[in-house]
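Two complexes come next, and they have one chain in common, chain A, joined by chain B in the first and chain C in the second.
Now for the complex of A and B:
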């Protein structure tokens, strides 16, 4: 390693430690450099913490700023960003929080954060024009079964044993904070059909149905697969959500009535 | 190579919080500047806003993550993303920092200082050449705000920047606030720094706020925090620079604790006033 490369290496390693500043550094007025070097240490942690704050506003609201910052800083030290693209930094923060001992009592928190990740991805996803309901009206009824849908680039389906969308809304100003009478799981479709990220609660079986469709399974294949596992599955209710949400941008005619995964 | 060519007027750093106010009426703003990394998603509101701004205003794209001052190779993926962004918006200018921010694949999200030696000079020149060749345009390189010095440095920062500009053909972005912050932190006279600076290569100026703390020995330590109005001694230094250089594109940066739009616009108007006066004096 050249001298300057070694200097940078020592500077970088010291940023995430509490050891004295590297010996290659100087100042005009003396040899104590702790505060000067700490400006860089603090900038890094503070700016990365802010990046996570901006991606997880509902989680911040749930646990409060002090707890969130402590949790974020523990994450940053173990998982610093690998790219200057901070708009994607923290995709794995919910997984970290799931194993973060001090947050263990908030079992729903990682799923609320996964919903925030999905919303963030949708926000930055490529533009695409959603399918218009009337274009489906031209399809001959007997051909509907083999239709294969193209998912909107912003589409995600989040499933949780907790009422995550309700909790998210209560912590995002969408509805007032209140005790929940029914602590039921929720499945949510997240999509940004135009400029606003939208969420739709899915009825029983809907999450699996939309995941099959997004993976390229044709309409009949997706419906059949779900009906086997979920007796309450209501195809027409889910089709209404499919058309209303903007979750798909186009469809094509599959060649057979078999399930397809290669579309 | 497309030259950097911002209008010689006052501009502001664009923040989405101000978008509605900016659109509400025509603004006498010379240009807007954005941080490149905030516009590297595939789509969504950030691009919709930037596209809309671009229709009416000149644009400067300012990178904060390329790590040009690193002894390690540039991140080719990131450079490719910058090219995509510049090709999409065709900004009047692209700029980056004399600093490093990535090391061993970890992004440190700060503008870290480097020693100034023959070795680092050659490396930075190599990187600037690579950026300009990839983007097909002249870039501007910004002087840093620093809190520490390196024992091994053998070249003055002003000479270091002058040599980079001479050998690569890049322009310089003179951050007057950074000059004031670094000079204070190193107990130097900022006017001496300006006197040594290769002003002929300057294509843009940055103005911003800083905050004050103390170092380990109780001396004043300024932090380049971009969270306040431009301070009086920085305005004074700016007037000196404009007096020598004539009108040049001048940006007011405000990144944290954002003010309402009218206050930021007033800061830009204050800079524009100084530019107008310099233009009148030159014409007289």
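Now for the complex of A and C:
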């Protein structure tokens, strides 16, 4: 016997609530329907909780397993998966945590989790060979202004008013736990140029510079925009990060150069 | 007044960036791709034609699916179907 669409719908919705099973359900021998449905419901919530646990190991470490699981279950009930790919489940968990009252004192937690999302995306992104530095060395100087860079498929830029990369590293075994004296914001570039996900801390203006370039703004346009907004912007240091990190895979010659008025 | 970056400044910045990265050779990855050792559905990215990406291998020890393992350890791994391989093997029949 197949289930009607209405029953399937009630079955699915019921899995993420605490209501009794849909009244249209039947069991083969007519007994223990409620208990069987609860087993099903429990398995779904437990497996999605484990998926989130494995995606956010640093956050788990920060708040502890009991708090994390309770927070994850509150999220799961409101945000059932929309794709069968569990590796993408929880992309919007950091946004939920930002509005989750019991976690409000941990203001940095959502940004640490955004960093974990970016790392997960980079890990699963398509492979691509990064730009080789010497190909840029061969570009004639007057053509540099209009270069447009192609971002690596794994590239993300995370900006936070909190030292999220440091907090992440301390909760991922990368550095020992220690008190943070300088509670300064951090901007991080996340990319997987070869096999492993790598992160580079960005100097002032770097986050905006890389975002402009990744959005297709040409080199002079990106440098101009950031220089106007951030006096400490060091173009040379940022270009070194661009070349060293593997954040871009290719460049092409753009045509328009509206700002040009130098020789 | 809106100022714009000069071509000369751009070229100079690039030259010093190239000089800055020229000194130390990029650190080699500490991992290597090891084919033929992953359990079904436990592979890392790029399992070859017919699969999309991570977690898509169809059988245990699939010859064209890899796991990342610490460098130098791949070929010493023994599975019921043989040792790990650094080169990609054929897709399952």
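As a working rule, the second predicted complex is superposed on the first by the 222 of 263 C-alpha atoms of A that agree within 3 Å, B and C clash if a C-alpha of one lies under 4 Å from a C-alpha of the other, contacts with A are read in each partner's own complex, and residues count from 1 in each chain.
The working rule: a residue touches a chain if its C-beta (ideal position, glycine included) is under 8 Å from a C-beta of that chain, and two chains touch if they have at least 3 such contacts.
All values reported here derive from a predicted model rather than from experimental measurement.
J.: If we overlay the two complexes on their shared chain A, which of chain B and chain C does A:145 touch? Say first, second, both or neither.
T.: second
J.: Touching A:223, do we find chain B (first), chain C (second), both, or neither?
T.: Only chain C is touched by A:223; chain B is not.
J.: Once the shared chain is lined up, is A:33 touching chain B (first), chain C (second), both, or neither of them?
T.: A:33 sits against chain B, while chain C stays out of touch.
J.: Thinking of the overlay built on chain A, is A:244 touched by chain B (first), by chain C (second), by both, or by neither?
T.: Once the two structures are laid over each other on A, A:244 reaches chain C alone.
J.: What is the contact status of A:127 with respect to chain B (first) and chain C (second): first, second, both, or neither?
T.: Both partners, chain B and chain C.
J.: For A:195, using the defined touch cut-off, is the partner it touches chain B, chain C, both, or neither? Pick first, second, both or neither.
T.: A:195: touches chain B and chain C.
J.: If you tally the residues of chain A touched by each partner, is the higher count for chain B or for chain C?
T.: B
J.: Quick one: classify A:83 as touching chain B (first), chain C (second), both or neither.
T.: A:83 contacts chain B only, not chain C.
J.: Need the overlap of the two footprints on chain A, from chain B and from chain C, as residue ranges.
T.: Residues 87, 123-127, 195 of chain A touch both chain B and chain C.
J.: If we count contacts the way the header does, which residues on chain B are in touch with chain A in the complex?
T.: Result: residues 37-38, 40-46, 48, 64-67, 70-72, 75, 77-78, 81, 100-110, 112, 114-115, 117, 119-120, 123, 147-152, 185-187, 213-217, 219, 221, 223 of chain B touch chain A.
J.: Enumerate the contact residues on chain C facing chain A in the complex.
T.: 2-14, 16-18, 20-22, 26, 29-33, 44-46, 53-55, 68
J.: State the interface residues of chain A toward chain C in the complex, per the touch definition above.
T.: My answer: residues 87, 123-127, 133, 136-137, 141-142, 144-145, 194-196, 219-220, 223-224, 227-228, 235-240, 242-244, 259-263.
J.: If you look only at chain A, which of its residues touch chain B in the complex?
T.: By the definition above, chain A touches chain B via 2-5, 7-9, 11-12, 15, 21, 24-30, 32-37, 39-40, 43-44, 47-48, 51, 80-87, 122-127, 153, 192, 195.
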